[in-house]
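Here the structure is laid out as structure tokens; the discussion comes afterwards.
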Amino acid sequence: MTPVVLPMPSRTRRPPGALQGMRCAFMRDLRGVLRRRTDAVAALVFFVIVVSLFPLGVGAEPALLRTMAPGVVWVAALLASMLSLARLFADDHQDGTLEQLLLSTTPLPLLVLAKMAAHWLTSGLLLALGSPLLALQFDLPTSSIGVLATSLLLGTPLLSLIGGIGAALTVGVRGAGVLLSLLVLPLVVPVLIFGAGSVGASEAGLGTVAHFSLLGAMLVLALVLAPLAAAAALRIALE
Amino acid sequence: MSVALELRDLQCVRGSRLLFSDVSAAVPAGKMLRVQGENGSGKTSLLRMVCGLATPDRGEVLWQDQRIARLREEFNLQLVYLGHAPALKDDLSALENLQASGGLAGLACSESEAASALAQAGLRGRERLPARVLSQGQRKRAGLARLALSAASALWVLDEPFNALDEAACVWLQGLISAQLGRGGVVVLTSHQGRAWDSAQPQVAITLQPPRAVADAQIGRMMGAAE
Amino acid sequence: MDSKGFSWYHFAAPQRFYRLAGIAVPWIGALAALLIAGGLVIGLLIAPTDHQQGDAYRIIFVHVPAAWMSMVIFVAMAFWAAIGLAFNTRLAHMIANALVPTGALMTFIALWTGALWGKPTWGTWWVWDARLTSELILLFLYVGVLSLHAAIEDPRRADRAAGVLALVGVVNVPIIYFSVKWWNTLHQGASISLAKAPSMATPMLLGMLVMALGFWAFCIAVSLARVRIVMLERERHTAWARQAIGAAT
């Protein structure tokens, strides 16, 4: 019996907007972290511990702590972000969802951006919101606390974006955790300089406009370029 | 009869090892492409080349006479790829997983549609549990449930879909594949178990052999002809 | 057969490049030795002693060219990585790969000579001035590219991933340099700066230029030699490579 060959089905589905795909990726990641809160909380606790280690290391002299505070908080935020970046793509790679992202009808850079956004909401944002409490430990004046928190709000998305490139490059590689930090930390030095520097500038009365504008400019640049670089890195990683 | 999927002289090199070379096939609409071969012969690599995830070291893959490298998202719209892993997030329920993967694939699938697909897969009553608690067979079925929603995708690429499935699930999957072929779609799958059902489908079969084995066979034939 | 005339792809065949590089290396190496010797003569003997810093300043004849080369090589590495990613040729990636250790070496030399300059001049082994700090970060970037390449087993994926990282790095380097300069002027004032070399008399400038060209030739020669070795290793399953290895041993 010869099989009947029917004509090819026509494309009855119209491709949906890119937003639907982005929303699915974003919500899926967000739900995953909200249901397994330990990862996000652990990074936050690490942040607090590292900041608390510094006075133990350099002595509790108030003037010294006050000068050190912005730098210490910022460095601790960098390190905590490095820890949490590992889970951006690694889990997806292990359970096979990463491949499906590459085969989605939504362009990959947009999906990567959605994932980075979900990542920031559950890591960088928490660090920025928790920083005022830590700043109190260092006896920073109130105005400086506001500047510090704002600088972190502007800077931590940059960490998610640039760090995401590193995470994409090291997907599935042995020793990815340390390697990720090795690759990303030199790249985020400008963010550290302008972020921590903004507090010093505000205390010296120089105003924070310059620092925040530069951070803002870097953020805009990274919003455009980082997802493209990370998408290219993912394609290379999954070849 | 026009050719829907065409593989031309595909070659795959892993590290410094040549996995397979000069693999060609022409699959018309409504037929299955069955890829056979031993473990490690490169079946998964070949399937990933068909999906566009991996670029072949030589040769190309054509879908409806166009190179898939050029089609990108248009091709993704017509493609469903299910690999070894069921691609489920452990913390989300099977229902949420299916809706997310459907949304990413361009389907606007409602909760009831997803629930009915999962019911067809034999997961009625378990679709709201976190995927973590499902057994391996249930997870595989949850991943395969996507096929029930993918009637409009012309190309299905399935990597060892019958693994870890019990008899009832196998019958269900066979029904899905037959329906897809009946609609004029193309199904590419790997199998290393000989099944009676497999051989009965309209198909093109290719077997991946390591190049040395091919060379040995050719030499054997030449020597046989010389005697 | 090929009526189009000259084609760059002609030289992209590893075998041909291997032969050409083999011919070029000794000549460029000799040129490098000549230029460096000449530069050292100018720097150590001919250039006058600085009235402020004494003879210790002469280390800039190594420090500055090394620093220049470390940046030039980073850009060259990113350039070849871009070519490799765009055109998918193995040779471009091999060249980019071969440049990295040399670039890291130049950065290392710049850092060491900077430290050696700082000690007699300002009494400290390390000075957080803009250039030295940028060189330090550049060294971290080089090490990052090397580590990433070493950590990935599949050579093709390693090349391409390192290539993407090099491109990301090259976009970042100006931003990093600018931010470090800003940081430096804010925190230390302009007192200590290695960039403030003694006002340049002509023999000093000439010496630095000659040394820079010498370093450039040295880096090219070393990189070409390294590319040849990388090529033999990567292509060892082909007939021409086996022949070349056999001829060498």
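For this structure, a couple of remarks:
All chains are identified by letter, namely A, B and C, in their written order; residue positions are counted from 1 within each chain.
The rule we apply is simple: contacts are C-beta pairs under 8 Å (C-beta built on N, C-alpha and C of every residue); 3 or more make two chains touch, one makes a residue touch a chain.
On a predicted model such as this, the values are computed, not experimentally measured, just so you know.
Comparing chain pairs A-B and A-C, the larger number of C-beta contacts belongs to A-B.
Distance from the centre of chain B peaks at C, each centre being the average of the chain's Cα atoms.
Put simply, the chain closest to the centre of the protein, by Cα centroids, is A. Averaged C-alpha coordinates give centres for chain B and chain C that are 48 Å from one another. Distance between chain centres (mean CA atoms), chain A to chain B: 35 Å. Between chain A and chain C, the centres computed from C-alpha atoms are 32 Å apart. Looking at chain C, one finds that none of its residues touch two or more other chains. Each of the following residues of chain A touches two or more other chains: 239. Residue positions of chain B in touch with at least two other chains are not found.
The residues of chain C lying in touch with chain B in their complex are 153-155, 236-237. Chain C makes touch with chain A in their complex at residues 137, 140-141, 143-144, 147-148, 151-152, 156-157, 160-161, 164-165, 167-169, 171-172, 175-176, 178-180, 182-183, 186.
The touching residues of chain B, counted against chain A in their complex, run 1, 4, 28-31, 51-55, 64, 73, 76-79, 81, 83-92, 96, 99-101, 103-108, 130, 151-152, 154, 181-185, 202. Chain B makes touch with chain C in their complex at residues 14-16.
Contact residues on chain A toward chain C in their complex (touch as defined above): 165, 169-170, 173-176, 179, 182-183, 185-187, 189-190, 193-194, 197, 200-201, 218, 225, 229, 232-233, 236-237, 239.
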